[in-house]
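Beneath this line is the structure, given in structure tokens, with notes to follow.
Think of it as A, B, C and D in the order they're written, each chain with its own count starting at 1.
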Amino acid sequence: MMNKQVSSTELAVADICDGATVMIGGFGEAGSPTELIHALIDQGARDLTIINNNTGNGEIGLAALIGNHQVAKMICPYPRSSHSKVFPKLYRAGEIELELVPQGTLAERIRAGGAGIAAFYTATTVGTVLAKGKEVRTIKGRDYVLEYALKADVALIKCEQADRSGNLIYNKTARNFNPLMCTAATTTIVQARKVVAIGALDPEQVITPNIFVDQIVEVQEPLIDAELIARGRCYP
Amino acid sequence: MMNKQVSSTELAVADICDGATVMIGGFGEAGSPTELIHALIDQGARDLTIINNNTGNGEIGLAALIGNHQVAKMICPYPRSSHSKVFPKLYRAGEIELELVPQGTLAERIRAGGAGIAAFYTATTVGTVLAKGKEVRTIKGRDYVLEYALKADVALIKCEQADRSGNLIYNKTARNFNPLMCTAATTTIVQARKVVAIGALDPEQVITPNIFVDQIVEVQEPLIDAELIARGRCYP
Amino acid sequence: MSKAQLTGWNREQMAQLCAGDIADQSIVNLGIGIPELVARYVPKGREFIYHSGNGLLGMGPAPAPGEKDPELINAGKKPVTANPGASFFHHGDSFAMIRGGHIDVCVLGAMQVSQRGDLANWSTGAPDAIPAVGGAMDLTAGVKTIFVLTQHTTKNGEAKLVEQCSYPLTGPKVVTRIYSNLAIINITASGFQLQQLAPGITFEEVAERTDAPLLPAKPDQDNE
Amino acid sequence: MSKAQLTGWNREQMAQLCAGDIADQSIVNLGIGIPELVARYVPKGREFIYHSGNGLLGMGPAPAPGEKDPELINAGKKPVTANPGASFFHHGDSFAMIRGGHIDVCVLGAMQVSQRGDLANWSTGAPDAIPAVGGAMDLTAGVKTIFVLTQHTTKNGEAKLVEQCSYPLTGPKVVTRIYSNLAIINITASGFQLQQLAPGITFEEVAERTDAPLLPAKPDQDNE
């Protein structure tokens, strides 16, 4: 089977184009592919649309990508947090667009994108401003909002172990959006804490089958976002 | 945590009512809860709607349930096979109804039922007789058929191991429809080859979280359908 | 609007009352912040199974000092543990549990609750605010029972229990019961109805601080 | 309709030709029956990764005698094995792979193929037939490239390559290429176009047995 491992984060993100839509896994720092994001900062692609649960913290990772003016639009359920400073500033200045999507609807739209479901009806947002302009349909006596699939050009993913063919397993709540995003992107780029031989993972335990993975780079000791933020670190 | 184990298949299926909609896991004999089906034959509930990939083989399991005139309707992608004799006879006699659903659409309708998605658009069946009478909508230049969620009163499930709280893991391709059906039924009844203590399963490896499971019965040496059929066995 | 602030129950007491109304073995999702206190007051002989939207069922308490795992966190991004019988899953499966009606009880904070049970707890609608909804709308749309834990009025003494929410809704007609510092109040077909008064608080004091009609408790329910 | 039956390629040769047109590392789903033969003829230096709709990626060949596992089977319910790098998943995830366009090539049998690429392979539409569709419509709707492996005509000598299918469709405009015992035929915007003739078979013989116009091969493509 094909060996999808590449030797550096730099090589892994080399082909991301200006204007690309990029899904970035992680929820808080759990499962956040910080090294791949930093490589994307070095790489310099601009006008990106980023799909993530948040907008990053401090001045590292996603927050640094936004701070570097590479992001034109965020699709995101929760673009503020106690340590998020970069996005609010740019948002208030009108320099970045926001599509606010409930967390569960975001997850389901990404799943739909990967699963060939063009659109679906959910009760989430019915009767709220976030349903404004959307089709509402009554099904079996309850109202539902029509939501469309979400796909991306690229997904940046963090996992615990990858075999060289691209089968992935995750660590605890670092799973979060990562397996969904793998399915919905044209190119899925993964940073794995450990890359193992094909056949080393139990087929019963594989969470992301290799069909969804394109490139793997090993990052054995990933940065711990909270420590960097506590030390006031910035990237680059 | 609650111990969901019951002592017999008889007790497990005792409350299934006439007219119930029952999802039965399995694809062929892999993951087929044959002992629970046999208990349902003994229990005698009638006018059932059964959701399964097939209609059973020989005169055991699902085929025997149908042969015992307990099933009013099948929702099913593939109601015939080399060893299926019971369903064709009753179907041709007009004694059983059939809703034919493509395999992937069936899986997705069950998932939708469990996931609170009321309906979804899929390209499957577009331009075929199975889309007749269904809404077709063009989304981003492609046609999709609207399909509705499917739920059930009861799911009969087979798994490899269950902990007493109802976390399940499966064996190889015996996984198939089982995890989906667990999510879409009001009451999920599981036969497990082995019941283990709460905490004995690795949380990373749980396929069906216990939230979806109501009753567990241990069946250590389940019947092997193919052997029974080869020996021409009937149930009861 | 500005009446004297009354004390009534403190947060811990509110959380404890709320916990007392949750049945044994319930699957519970606790909102970020004050609702998290509910987990400290599980009545003796009961057990709740905690669901965390970011992919954990069977969430346990915060880890012992020095045992934090940055990849084992709750929906509020704080370190937690996993109890025996826990399971991990991705966000799609996690919100399928929520949306699919598999969570029994969700306890949330509130900015406003209307007399018909509308909840507003995600945005003031202020033009300069950064809108952030998280999973709140998924929870209100999907969870069977929504309890609200909240101070009865804002810091400025404004009513949070109102005829109609002025803030953007999280969900319409979703709240079952409100645990405030002054009272436990049910949402009924006729509007707000007192369930229980906090010690030293009168019906009139609660009614004065509620911007909608307040029905007295049913005779057999007033445990004052 | 009833012309003399011609031999041309046998099934194994058809499968081998089809396998030769599948790129290295392709994700391949093989229909039940004759299409399964394709797995025996993977060209040297190439590797296909087989997807089985019932929840297995990385499917391997049939097990050695005595090593059958009744819970490790393929979509045709025959015992198989799992290759190194395989993974198991449920039907929802499996058909998400199909529907979501993640499978590169699917090889299917056919009752009829129309000149615009419509495929009919699930039902004769006969009133007494038990309708059974399985995953065929999901595959034709979702897989990027659909190859058909089929005898050129029925046992009675009726054409299977037709202007318009008389049998109920599996999917409209889905077939890319047909491997019959007489020829390899592409579906083009102009209809059926010969790609390659089987040894000893003439263009006229194929055209006679095709119930729609057949375009000759492009000069540089005819490998007869």
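What we mean here is this: a residue touches a chain if its C-beta (ideal position, glycine included) is under 8 Å from a C-beta of that chain, and two chains touch if they have at least 3 such contacts.
All of these numbers come straight from a predicted model, not from anything done at the bench.
Q: Starting at chain A, what is the smallest number of hops through touching chains needed to reach chain B?
A: Steps on the shortest route: 1.
Q: Decide which interface, B-D or A-D, involves more C-beta pairs in contact, and give its chain pair.
A: When B-D is set beside A-D, the one with more contacts is B-D.
Q: Between chain B and chain C, what is the gap in Å from one C-alpha centre to the other?
A: That pair's centroid distance is 37 Å.
Q: Report, in whole Å, the distance between the mean C-alpha point of chain A and the mean C-alpha point of chain C.
A: 29
Q: In chain C, which residues are in touch with two or more of the other chains?
A: 82, 88-89, 95-96, 98-99, 141-142
Q: Quick check on chain A: which residues sit in contact with 2+ other chains?
A: 108, 111, 115-117, 122-123, 170-172, 203-204
Q: Think of each chain as a node with edges to the chains it touches; is that a line, ring, star, complete or other?
A: Its topology fits none of the listed shapes; call it other.
Q: Which chains touch, pair by pair?
A: Chains touch in the following pairs: A-B, A-C, A-D, B-C, B-D.
Q: Would you pull the chain B residues touching chain C in the complex into a rising list?
A: Of all residues in chain B, those touching chain C are 1-2, 111, 113-117, 163, 165, 167, 183, 198-199, 203-204, 206, 209-212.
Q: Chain B touches which residues of chain A in the complex?
A: Interface residues on the chain A side: 108, 112, 115-123, 137, 139-140, 142, 144, 148, 169-172, 203-205.
Q: Could you please specify the touching residues of chain D with respect to chain B in the complex?
A: Contact set of chain D toward chain B: 52-56, 69-74, 77, 82, 88-92, 94-96, 98-99, 118, 128, 130-138, 141-142, 168-173.
Q: Report the residues of chain A in contact with chain C in the complex, numbered from low to high.
A: 27-31, 77-81, 87-88, 91-92, 98, 100, 102-108, 110-111, 122-130, 170-180, 207, 224-226
Q: Of all residues in chain C, which touch chain B in the complex?
A: Checking each residue of chain C against chain B gives 25, 27, 47, 49, 51, 57-58, 82, 84-89, 93, 95-103, 141-142.
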